[in-house]
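What follows is subunit A paired twice: with subunit B in the first complex and subunit C in the second.
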Partner chain A sequence: MNRRKKVFISLLASSLILLAICIGGMFCADTARLTDFSRKNLSPSLDCLFGTDWMGRDMLARTLRGLSISILLGILTAAASAVTALILGVVSATLGKAADTVITFCIDLIMGIPHILLLILISVAMGKGFKGVALGIALTHWPSLARLIRAEVIQLRESPYILIAEKMGKSKWYIARKHLIPHLMSQFLVGLVLIFPHAVLHESSITFLGFGLSSEQPAIGIILSESMKYLITGKWWLALFPGAMLVLVVVLFYKAGENLRKLTEPGSVHE
Partner chain B sequence: MRKRVISIVCAAALTAGLLAGCGQGTENKEKKAAEADRDSVVVTMPTTSEPEEGFDPAYGWGAGEHVHEPLIQSTLTVTTKDLKIENDLATDYQVSEDGLTWTVTIRDDVKFTDGETLTAEDVAFTYNNCKEKSSVNDFTMLEKASALDDTTVEFQMTKPFSIWPYTMAIVGIVPEHAYNENYGQNPIGSGRYIMKQWDRGQQVIFEANPDYYGEAPKMKKVTVLFMEEDAALAAAMAGEVDVAHTAASYSEQAVDGYELFAVQTVDNRGFNLPASDPQEKDGITYGNVFTSDINVRRAINIGIDRDEMIENVLNGHGTKAFSVCDKMPWYNSACEVEYDPDGAKKLLEDAGWKEGKDGIREKDGERAAFTLMFSSGDSVRQALAEDTANQLKELGIEVTTEGVGWDVAYDRAQSEPLVWGWGAHTPMELYNIYHTLSDTGIGQAEYSPYANETVDKYMDEAQETATLEESYELWQKAQWDGATGITQEGDIPWIWLCNVDHLYFVRDGLQVAEQKIHPHGHGWSIINNVDQWSWE
Partner chain C sequence: MRLELKNVSYQYKKEDRMILEDFSLSAEHTERVGLLAPSGYGKTTLCKLLSGYLLPDSGEVLLDGKPLSSYKGYCPVQMIWQQPELAVNPRLRMRDVILEGDKVEERILHELGIEPDWMNRFPSELSGGELQRFCLARALGKRTRFLLADEISTMLDLITQSQIWNFLVREVAEREIGLIAVSHNQELLERVCTRQVELRK
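Then we have the complex of A and B:
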């Protein structure tokens, strides 16, 4: 088995685990909200692997459901951000000086404000909840990728085959479609996957701070902020497992992104 | 990847450090206990108890959303342990025939802590100032306060208000000569304690007033620390405080050297059931199709097992609630109901709510369902909402819970049930909840649509009686007069679940004097009588 295959298998494995968590979470939607006061504050056992909380909710179901909400939000927002980045990056580099100035200004503006602050601002302005968080993350995560793509396009534009295409009288749209976008695809994909862990972490942090999802929902941020209140009484399982699972998911996404990069741009290994 | 490993190692090291820190707590505790001064006490309170605007009654100190004795200032009257009225600064008070003039004579031997004598001028100034500035308490019934001589003050009212003595029990008298916009930071009063130091966001230190006109306080120094419940528990475990406030979810925790102390309260939790048909005004929906059916409201009231709820949610630290004013002199015991799930189901059946395929009842295509809101971050209200949902499911009613912020809760509660907390040492609470207000919303009760002319009439009359005793009877009639009211047999627009005991970890050896029934608010009430506390 060569290294390429190993990387591929590792990518497949992490995607499968993430998919499993996602699907598991969908089946747990009801169980995660079910309260049963006859079994509250149980420590982890074979019956409930992650224990239960102060309202007798099963922590395994809550964790899975929370992660699947996070992953879903992550996919949604990462896709939205990445597409925004792609469009703005290409537009900025091809449509001339004025467009470039405006878009670069936007990128600098958004990157200049602390990420989490801007997120909270947008989320609160949009009335919190799923909508607020999704918009907040989607609107704040595109600039770095957009800047990368813009730089790439500027460089590409000077390359001989594109200059030749221009001389041959091909339209700008034709060049973008046939020459630019295929070339940018690998960077776009890797960028997309690497926005995931950011999106997931940011979703859970603003929910943790109370500016995100509403408190009856089993989001990881809610679970963690609730567990903080009970750590002092020795209920370690409330924070440990959900926290560890969150880290696991983020690491898996990160690994998947790295592996994807190795597969699509073999040259990047030497960088 | 290496960076990540390093950060994990750092986190592990930090955790180890924390654990080691916990170990030191025990030594610390013994030292503290040995050194403890015999006449000082350290008490914790929730961070929300810290008065934002300072210790000024005009901005809610004592007379705000949560009522308590102002300690630094003295009041004209005080409430007794059974919540009747006694004189404090006042030596006597009288009300005119028409109920529009209150004449109060005050003691002539009282001095502010800056040495000036407290006169009727100061009293009049305090009340006029409160009327002008207070946004947290209602002073609209007061027209004007004026001093007739040094020891007599006259209150002219805009309308008869028989329960005025209860207002007089929470308004601390401030000195006119030393009052300015910074008064809240440097309060001067004539009360049992002097405020020595206030570190915003952390603590307030009180010292006994050596010239206090009443019995000298036994506790010479009182330190109040503001912190969350988990921090308070940690402080108790480390032996750093004498009284730590706590919640039911921590009540099973044993803390060495401390005992759990539960105070009965009228700090109730309940939810509103909008009692009118839906209509819209100014973008807000008022009323709810499902809960406007009186049989639904009655079924919910008897279909809730309050005992089970208290056991589950409050670990047994609470009492069943049937009204907003349980155990108060103006409470009508007709509010009480028995848990009767079969009766509840029968009520629903008879009213035409038949069970559908999924076990949820329906009537004319309308599902027996509502959203029960609770304030985000309040674990007790959340658990009560969840338990209510579980219990009502047995009846075939589908309840979805939702956490909301107070920014939207008031408007949404006009059409959807919300878990509320109430309870005060004044019958005005009944008025606030059940009496209609013609100039707000759709002209029904302020917080949840409800209107009943007879109930309104009793409450209006209650405010016009000559004596408090007569008014108690009318307040009771407003709840149930034998034909109509707000009880199970009446309109039942609010469901009351439980009164939440206020829980504290109290250091062994500290005698916390007998407490009045605490009102809503887990803060200052505990030290209402801190001057009578003692160490064994």
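Then we have the complex of A and C:
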């Protein structure tokens, strides 16, 4: 088996695991809310893999539900951010000096403010909840990718092979299709996948801080912030498993992004 | 058919030094003109002006009496760049690179020594000399009337150099394509060209 196949299988495996968590979480919506005071504060056992909390809720179901909310939110916001970045990057590089100045200023402005601060600000201003978090993340994660795409297009426009294609009488559409899009597509896809872990982590952090999703939703941030109160009384499983699962999901997505990058690089075809 | 530069001036930035000032040059399609100039003279700039990649600040570039910029679609004046690695898209297979040219004949590929299995490769899998052959082939499409060779053989070994130049001289003579070759190698230009122009300050 060659390296390319291995990379592909690893990409497929991480996508499948993420999909499974997502679908699993959807079926856990009711179980995650079910309270049963006859079995509260159980430590992890075979019967109840992640243990139960002080209200007797099953932590496995809560973790899965929380992760699926996070993944969904992550994909949504990462996609919105990446599309914004693509459009602004291309516009900035092709529509002349005025557009470029405005967009570059916006990029610098947003990159100059600490992410988490701007996120909290937008989320609170939009009334917290799913909408607030989604908007906050979508509006703060595009600048680095936009800057990357802008630089890429500027460089591409001047590259000899595109100038030559123009001299060969090729149409703008041909050049976009054959030269520009293949270059930008891999940047775009990889950028999209790499924004995702940031989005998930930021969603969890502002929820943990109390500026994100509302407390009746079993988001990972909520689970972690609630478990803080019980951590000193020795209920370690309340924080450990959800936290570890969050890290796992982020690592999986990061790996998927890396693998995608490897697959789209031209030099990797014969590996 | 004649390619002309008429009183052309060019500079890259305002207040920078003039690269060309009131410069004129003309070449017939039956000629092979050699341009000899020291490094940093502006040979590549001159080539880019002649092939329409750059527009002169003043003066005009004429092909057959008409401004070169008035030719739409495939440009009859094609330039071969000094660095073949930059002149091909690293994401396209060589087959697609050749397809960008104007119906390049199979014969040309064969005579340039391009092997059939190179067509399926990416540029990073070919050497500079092999890539330069592809660039030559691509520039020798059906409608090419003038060919500008900007130091095309500087990075090649002597055997490859002589192969490529022998082919090129034969090909342009047969098809009556005008050739303008730029080099700082006088012996090479003496062998290849019918006329030499020496550029000096």
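In the analysis below, the second predicted complex is superposed on the first by the 244 of 271 C-alpha atoms of A that agree within 3 Å, B and C clash if a C-alpha of one lies under 4 Å from a C-alpha of the other, contacts with A are read in each partner's own complex, and residues count from 1 in each chain.
Operating definition for what follows: contacts are C-beta pairs under 8 Å (C-beta built on N, C-alpha and C of every residue); 3 or more make two chains touch, one makes a residue touch a chain.
Everything numeric in this text was worked out from a predicted model, so none of it was measured.
Once the two complexes are overlaid on the shared chain, A:K229 sits against subunit B while remaining clear of subunit C. When the shared chain is aligned, subunit C comes close enough to touch A:P160, but subunit B does not. By the touch criterion defined above, A:K178 lies against subunit C but remains apart from subunit B after alignment on the C-alpha atoms of chain A. By the touch criterion defined above, A:G112 lies against neither subunit B nor subunit C after alignment on the C-alpha atoms of chain A.
Across the complex, subunit B meets subunit A through its residues 228-230, 233-234, 237, 249-250, 253, 312-313, 374, 376-377, 379, 382-383, 386-387, 389-390, 401-405. Those residues of subunit A that touch subunit C in the shared complex are 159-165, 167-170, 178-179, 182-183, 266-267, 269-270. Of all residues in subunit C, only 51-53, 72-75, 78-79, 81, 83, 86-92, 96, 100-102, 122, 124-125, 138, 141 touch subunit A in the complex they form. Interface residues of subunit A, counted against subunit B in their complex, comprise 35, 37, 40, 54-55, 128, 210, 214-216, 226, 228-233.
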